[in-house]
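There are two complexes below, and they share chain A, which is joined by chain B in the first and by chain C in the second.
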Partner chain A sequence: MDTKRVRFAVDGLDYDWNQFTVPHFVDHIAHLRQRPITMLPFPLQDFSGMCLSTPTQDYIAFDVQRHPNLQIHTKLHEIAHLILGHAISIDVDLSGDQILSFLLHINTRTVHRYSDPTRIRQEDEAEYFAFVVEGYVASHKRLHQLTLTDHADDIYLPPFTGDAFTGD
Partner chain B sequence: MVDTPLAFSEILNLLFTHRTRTDGTAYRAADVARATGISPSQLSLLMSGQRQNTSLETARSIIGFFDVPMTVINATTTEQVVTLINEAKDNNLPVIHLRNDLSRDLSPRALRQIQEIIEWVLEKENAERTGQPIPPLPDLNNDS
Partner chain C sequence: MSQIETVHFILPMSFVWWLLYFTRLCNVVRIGNIMKMPRLYLWLMLFNMGIIYYLHNYKLEAHLQSYFDSTGLPVVTITKVLLSSGFITYGYLVVIRKYTHFDIPRTIDGIMIAYLLLMVIFCVIGYRHLPYLKVQIITNGLVSCANLSAAVSLVPMTRHLLRQQKSEVREAHHLWFIIFMLSSSIAATLFLIDGIEKLLNDWQVIDTNLYVMAEISRTIYMLSLGILIGPDRYLYWIYYPARLRTYLKLKQLSDSIYRETGISVPYNLPQPRIFTLNSAEFANYRVYIAILDQFAYLPPESALYQQLHTIVEQKASYPETVQQFVQLVKSGATE
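For the complex of A and B:
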């Protein structure tokens, strides 16, 4: 695995980690790629996520049956595949007279061991990308954002002062 | 005379024989074990018939992997099982063919879900182009 390439890709995002929330990060990626990213929550079976790029948009499907932390990790993992160019071209035959080319990556890592060295490298790189992102998030004291659902950004936790224990 | 359902081991072996990967090769017990969380030894006992009974939950997991209706456990003949398997194959959308290197590691159930997602994406983008309402997300939980 080329860790330098992955780190370079994360640093190349030019992202302000102090602003990190998952939706904000996804918006930033969409802005960089100049195309919308649609998140698709599904009860997936036998695979944990996938990313799909049509000519104009990106889609990330993730398994809502998994722990919320793992859902966030899956989103970062799938974003990695988009950024690192791991998707494979597929042709979709539409009613015989129209063919669309998509880019698709399916993550089955949790249920299968890959034998293909390319797939192994891509999965390792995507995992490393997600870990690097999570590391930056943690180092900017935004770790709690990796534990929240998309709709929990408004939750405000007041700083702990100990008042509740002293009764002051 | 009342027909008795086939033994689960017979159904299981028919599933492995007739519900193959897109390249025609058979799934291995290890594939099912990893996807369902059922231990390989338990699968082996069930396939060999050394274990005749299993929980409904286990049966549902295994049959779900092959994306065949649960009614298959009530089949009384080999032909009925094969018919149900072939019907399940026909129900898998033929519009989108994933290359073997993409689909090889995927269960029939996963392939169906991916096809439904891709179809929804196609419908959504078509709706956006033509100003139609965005279609609702597909219900991927429609396992029988």
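For the complex of A and C:
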């Protein structure tokens, strides 16, 4: 796996990590790629997610049966495939139903354990990409956006500390 | 006698305290509302804590008193008593009564005022008839008794508040406050024992082992106060040991999944670092995601799969799911 290439790709996103939320990040990627990204919550078998590129749109399908935290990670992983050029591309635009049928077709035909070295490398790279992105998110104190937990911006502690002290 | 001269760490720590205090005070003044009660009281109290931290040291107190010898009064000791037991201990109880829903019995007022008066009278009379060190030791003992009583009376309130907290930062505030209360109680107890020992044996040596330990405890409570008034990110350090323990448990679970599925770590990823709180949190998140991602490859008949499936299917929040994973490891499911 070429980790340098992946890191370069993440840094090349030129994203303000202080602003990170998943929708904001997806919008940023869509803006960079100059095409909308459609999220398809979908019950998948064996896969957490998959992505598809058409001439005018990108699609990311993710398994809604998985844990919500894993769904977020999956979105980042699939975005990685789009950015790193691994996504399956088709030359025609399909309707929503056709996209779902197409993804379902891929889903049922593909075995979940890859043996192809190229696929393994691509999965490694996408996972590394997600890892780097999540690392940036965490280092900018935005991990709660990935874990979907509350972030305590409001400081309170009667009768001794917190806003009683600082009024922050 | 201890090898450590307490003055050697009280003085630099005192300097650090004032630096932090004024930096944070400037911040509060900049934000505004400093004149609002109870904030005003709290900042004045912290100011007094800084003075008390200095004055509670026998050598520093005696050194300062030497400037007031001509008055014939133990000015420094009286100031110490009034600030410590009066403004800080009694004042704090009054503030709690006025600004929170916690009840502080009115009888405390009478007791504290009488106690303060007696201490001042003792200082004045004792200064004429006893060596100054004995006056210092006895007043320190009396102040320690008041501090201990106040700390004990605050235990139910602190426990109640801690249980109420929903967010981590508030919980962290309380935990540091508990450390403050504990270390100040330990310091008070050590002062008392050390004082009794010194009086009974008529020791002239100040820096005994017990006394050094008491001064270290005082330094710890000043440190916890410093963390409480500092930026919130420092509060979270209290969670580091817990985060590390969680990481080790999650790692054990994740390794167990890889072992049972017979696959090696599927992605050639670097291991996250765990040396800072932030990186430990991230490491926990990474292992957590790996568990969510990989457990599906366990054989469905596996006991571990079934237990994990039950947990994951609840789709509980991140902290709850992590907690359940940790409980699973503790129950021996991975052995």
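The criterion applied here is as follows: the second predicted complex is superposed on the first by the 124 of 168 C-alpha atoms of A that agree within 3 Å, B and C clash if a C-alpha of one lies under 4 Å from a C-alpha of the other, contacts with A are read in each partner's own complex, and residues count from 1 in each chain.
What we mean here is this: a contact is a pair of C-beta atoms (placed from the backbone, for glycine too) under 8 Å apart; a residue touches a chain by one contact, two chains touch by 3 or more.
Small disclaimer: the values here were computed from a predicted structure and weren't measured.
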| item | value |
| --- | --- |
| Partner, of chain C and chain B, that touches more residues belonging to chain A | C |
| First (chain B), second (chain C), both or neither touched by A:Trp17 | neither |
| Touched partner set for A:Tyr136, first chain B, second chain C, both or neither | neither |
| Partner chain in contact with A:Glu123 - chain B first, chain C second, else both or neither | second |
| Which superposed partner A:Met50 touches (first chain B, second chain C, both, neither) | first |
| Shared chain A contacts, counted only where both chain B and chain C touch the same residue | 112 |
| For the chain A and chain B complex, residues of the former touching the latter | 40, 42-47, 50, 52, 54, 56-57, 59, 61, 88, 90, 92-94, 100, 102, 104, 106, 108, 111-114, 116 |
| Interfacial residue positions of chain A with respect to chain C in the complex | 1, 48, 66-70, 73, 112, 123-124, 127-128, 131, 134-135, 138-139, 141, 143, 146-150, 152, 154-162, 164-168 |
| Residues of chain B that touch chain A when the two form their complex | 31, 34-35, 64-65, 95-99, 101-102, 105-107, 109-110, 113-114, 117-118, 121-122, 125, 137, 140-141, 143 |
| Chain C residues touching chain A - in the complex, by the definition given at the top | 24, 27-28, 31-34, 36, 38-39, 42-43, 95-96, 99-100, 102, 161, 167-170, 173-174, 176-177, 228-229, 232-233, 266-270, 272, 278-279, 281-282, 285-286, 288-289, 292-293, 297, 312, 315, 317-319, 321 |
